[in-house]
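Have a look at these structures, which come just after this line.
Each of the two complexes below includes chain A, the first together with chain B, the second together with chain C.
Moving on, here comes the complex of A and B:
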């Protein structure tokens, strides 16, 4: 853990392009799990030196780095909990391969909890 | 003795008010019926006069002169026109829920000239609805929302048919009610109703305009339209109950459901009049705080969907037997939860607590509601430590107890009693269970919370 954090900082500081810059947005109440902040501009490094990042990796990165409380309100098993929609560049992730969706630099990923109120 | 007499007087007056209000509603209703009859007679008289003189109107479009005048701004729209209006006048739309979403939706649907407009709701109008449920007026507080909404719709447009379904939507009545309408609008406030409504629409082949709003956000989409997905295609598994916040607990800015409800009316009008492109296969996400509307592409119909998929076995019979409350782990008409976690010796009634105050017994009162609730109203001398922070703020409780003992000069051997209060008496029990575990063994909760304080001790203490 400490080692990967060091690597992460090193890549970032050295300004190499191994990090992927993404915009993550949380809505429908999910923002409460990450300090009530809705929009997060983040740099994520692909796992184990891989040259691409997929949604599965991003989810575990989010869980470790952004979710501050009640992780069970965000994830169930290795995917999002029922009632959460995931949108990659304004498109339902079901249409792009769910957990296997490949991410690219500057992608916008939205996590939104479905509302029931009225 | 005096107070008993006063109580009797008060309840007699209340009964009288209730019965007068009932009479007033009946009279209002009768007046609007008579007015409609009168208009009908005038219209026929006008028509017969016309017959006697040579016809000056070409009425091939089926619109009466009154209709042409009333809907003229619709008729002038090249993309809507006479055809769109004629379709609308022939259509029937059902709005389930006459609350924050249903109110504006119904206002616009009635005004626009939907031929038959149905309203389903079983709730009564309350003062704390008024900031967002704009179809209701103060004089209807305490009366059924369906009656209130129908009266407003009739006062806007007496020429359309308004149907009152004053009942809760259940598996036993949903199919029968829905089958009388072309389009369904989901303006409810809970997960099991949303599944029931969607399933019903799939079985009967009705398009569903679904809206939701909470806090400062809203969502909107059209389900089961032209081969598009249904609610279950998107959400095959219900969310955990802890993820389903209610307006009554989390709050809602009144205009937010207003905006979504208006958009629901718009989508329903588009479908009914066969004009434009409905929001099917797409979802609108509205964030009021940042003034952002995002329209995203959602998945299509799922072949594996339990209700609309290829190999579905979901029939009318199955719907009637389906336990939606158990499926979504939430009642169809959500009432506040009533937990019972603690033994009676760890609990105290609000009346008993008021006696402790009167007797100046050494005590500390911890209010475990979120800070935003505490700011609305609180009991004097209470210490606000929200349940979510309780663990980290235990030392504050210890020092408050110690200070109270010093101030009141408590003799050694006894101690200041620790009480916990919240809004309705659920979180206070959770807090006491935790406090007892970490050493505050004599902590007690106030049964029924501040709501019980208002009901049983001080009727002037505000509720929210």
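Moving on, here comes the complex of A and C:
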């Protein structure tokens, strides 16, 4: 525990890898795919040393790190499955460029499945 | 250091097309205008208000039960209807009415949501169970008949249960909320099955009315897509239950749903347009409704000797669960007319929670 914290600080100070702290929220049944936990506070590294993180990267990160079962309920191709609503800071991601939306420290990203239940 | 404007999310912080004061949060389904949260609430609620007014759904002083399943549609309907009732002084007495089919892990959890809604919206709640009404839970029915025809039971028992609940609450009308996606699916499925006549049977696709014994049951399409219903519910922090019924719709409906979702992605208003097409398919000739009598067994309205619920129950109790479903022989009602056979067939292939009028 103490050791990983040290590592984290080293990375942070050296500035080689910027960890971005994000809050991810899953709803409408999607939480069932990630241990039934709705809110995840996560640190995500930008891909391949890039200095920014976009939604496309975040989706593949989520798929690898958070989704524990039935990934097809969450994604179709390289984007979310039709019927999954995405909000970045309470704003529909359609307005911010969908997969190309850039993320910033402390952003809140919400995924809601609209398909379940009547 | 980031330059100002490199982040499309912030730089495109466009202003709302309607108020021009707050930052846009989403696009309107109909017009694709970018609007803010507050204006979205206004537009959303106003569209529902307009549908209520133009269809003359309610009269002042009426007692209305909202069919509450704990799901998104009914939770949004209950919230919006109680809001509009106050805002526009409809002078309605509103109630929540829930049917407990007896589905472990689904209905028992969703009823907890409905009980919270009772407190959140201050609307009195009545719950009726299949077990009390018919002596069978849905779990027991499925154990006996399997998963194939269970939605026939949902449809027939469900509607009658709502009507009996209406009698207990002494309400004039029961209103069930539906989203635009489900109605568009139903329109498509009817077209795919060659059943255009079914589309024309109801007075209106968006406000299908069924006159039952004690009340009128209105299937009210909120004309909002699932996407927008979910957005509204999320922004308003409405408490709803979101797990699919485990005895859920058939594969054919599933394909129609996927198809509609793909269309919506290409063109968001496709869903609303399918419904509009459905409305235009309505044939103007007046349908001859089957003559209404009463069921010899339970006294409920029925065009046959026995009502559909009694036929289904007889089958269950005699261990012949397919009685009354589709093309079975030896029906209690003897020779069936073609109308009945056809009705049975289309009920059979319907998913639960769909508008069945």
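Quick note on the criterion: the second predicted complex is superposed on the first by the 97 of 118 C-alpha atoms of A that agree within 3 Å, B and C clash if a C-alpha of one lies under 4 Å from a C-alpha of the other, contacts with A are read in each partner's own complex, and residues count from 1 in each chain.
Everything that follows uses one rule, which is that contacts are C-beta pairs under 8 Å (C-beta built on N, C-alpha and C of every residue); 3 or more make two chains touch, one makes a residue touch a chain.
In this text, all values refer to a predicted model and were calculated from it rather than measured experimentally.
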item	value
Chain C versus chain B on the shared chain A, clash or fit after superposition	clash
Touched partner set for A:78, first chain B, second chain C, both or neither	neither
First, second, both or neither for A:102, with chain B first and chain C second	second
Touching partner for A:29 - first (chain B), second (chain C), both, neither	both
Touching partner for A:113 - first (chain B), second (chain C), both, neither	both
Which superposed partner A:90 touches (first chain B, second chain C, both, neither)	both
Which of chain B and chain C A:38 touches, first, second, both or neither	first
Clash-bearing segment of chain B, relative to chain C, as chosen among 43-51, 61-69, 259-267 or 349-357	259-267
Footprint overlap on chain A, comparing chain B with chain C	27-29, 82-83, 85, 87, 90-92, 94-95, 110, 112-118
Contacting residues of chain A [partner chain C, same complex]	27-29, 32, 52, 82-83, 85, 87-92, 94-97, 100-104, 110, 112-118
Chain B residues within the chain A interface of the complex	97, 99-102, 187-191, 194, 211-215, 217-219, 234-240, 242-247, 250, 252, 257, 260, 283, 285, 287, 290, 294-299
Parts of chain C lying in touch with chain A, wherever the complex brings them together	2, 6-9, 12, 14, 23-27, 34, 37, 69-74, 110, 178-179, 182, 226-227, 229-231, 234-235, 240-245, 257-258, 261-262, 264-265, 353
Chain B-facing residues of chain A, complex	27-29, 38, 72-73, 81-85, 87, 90-92, 94-95, 110, 112-118
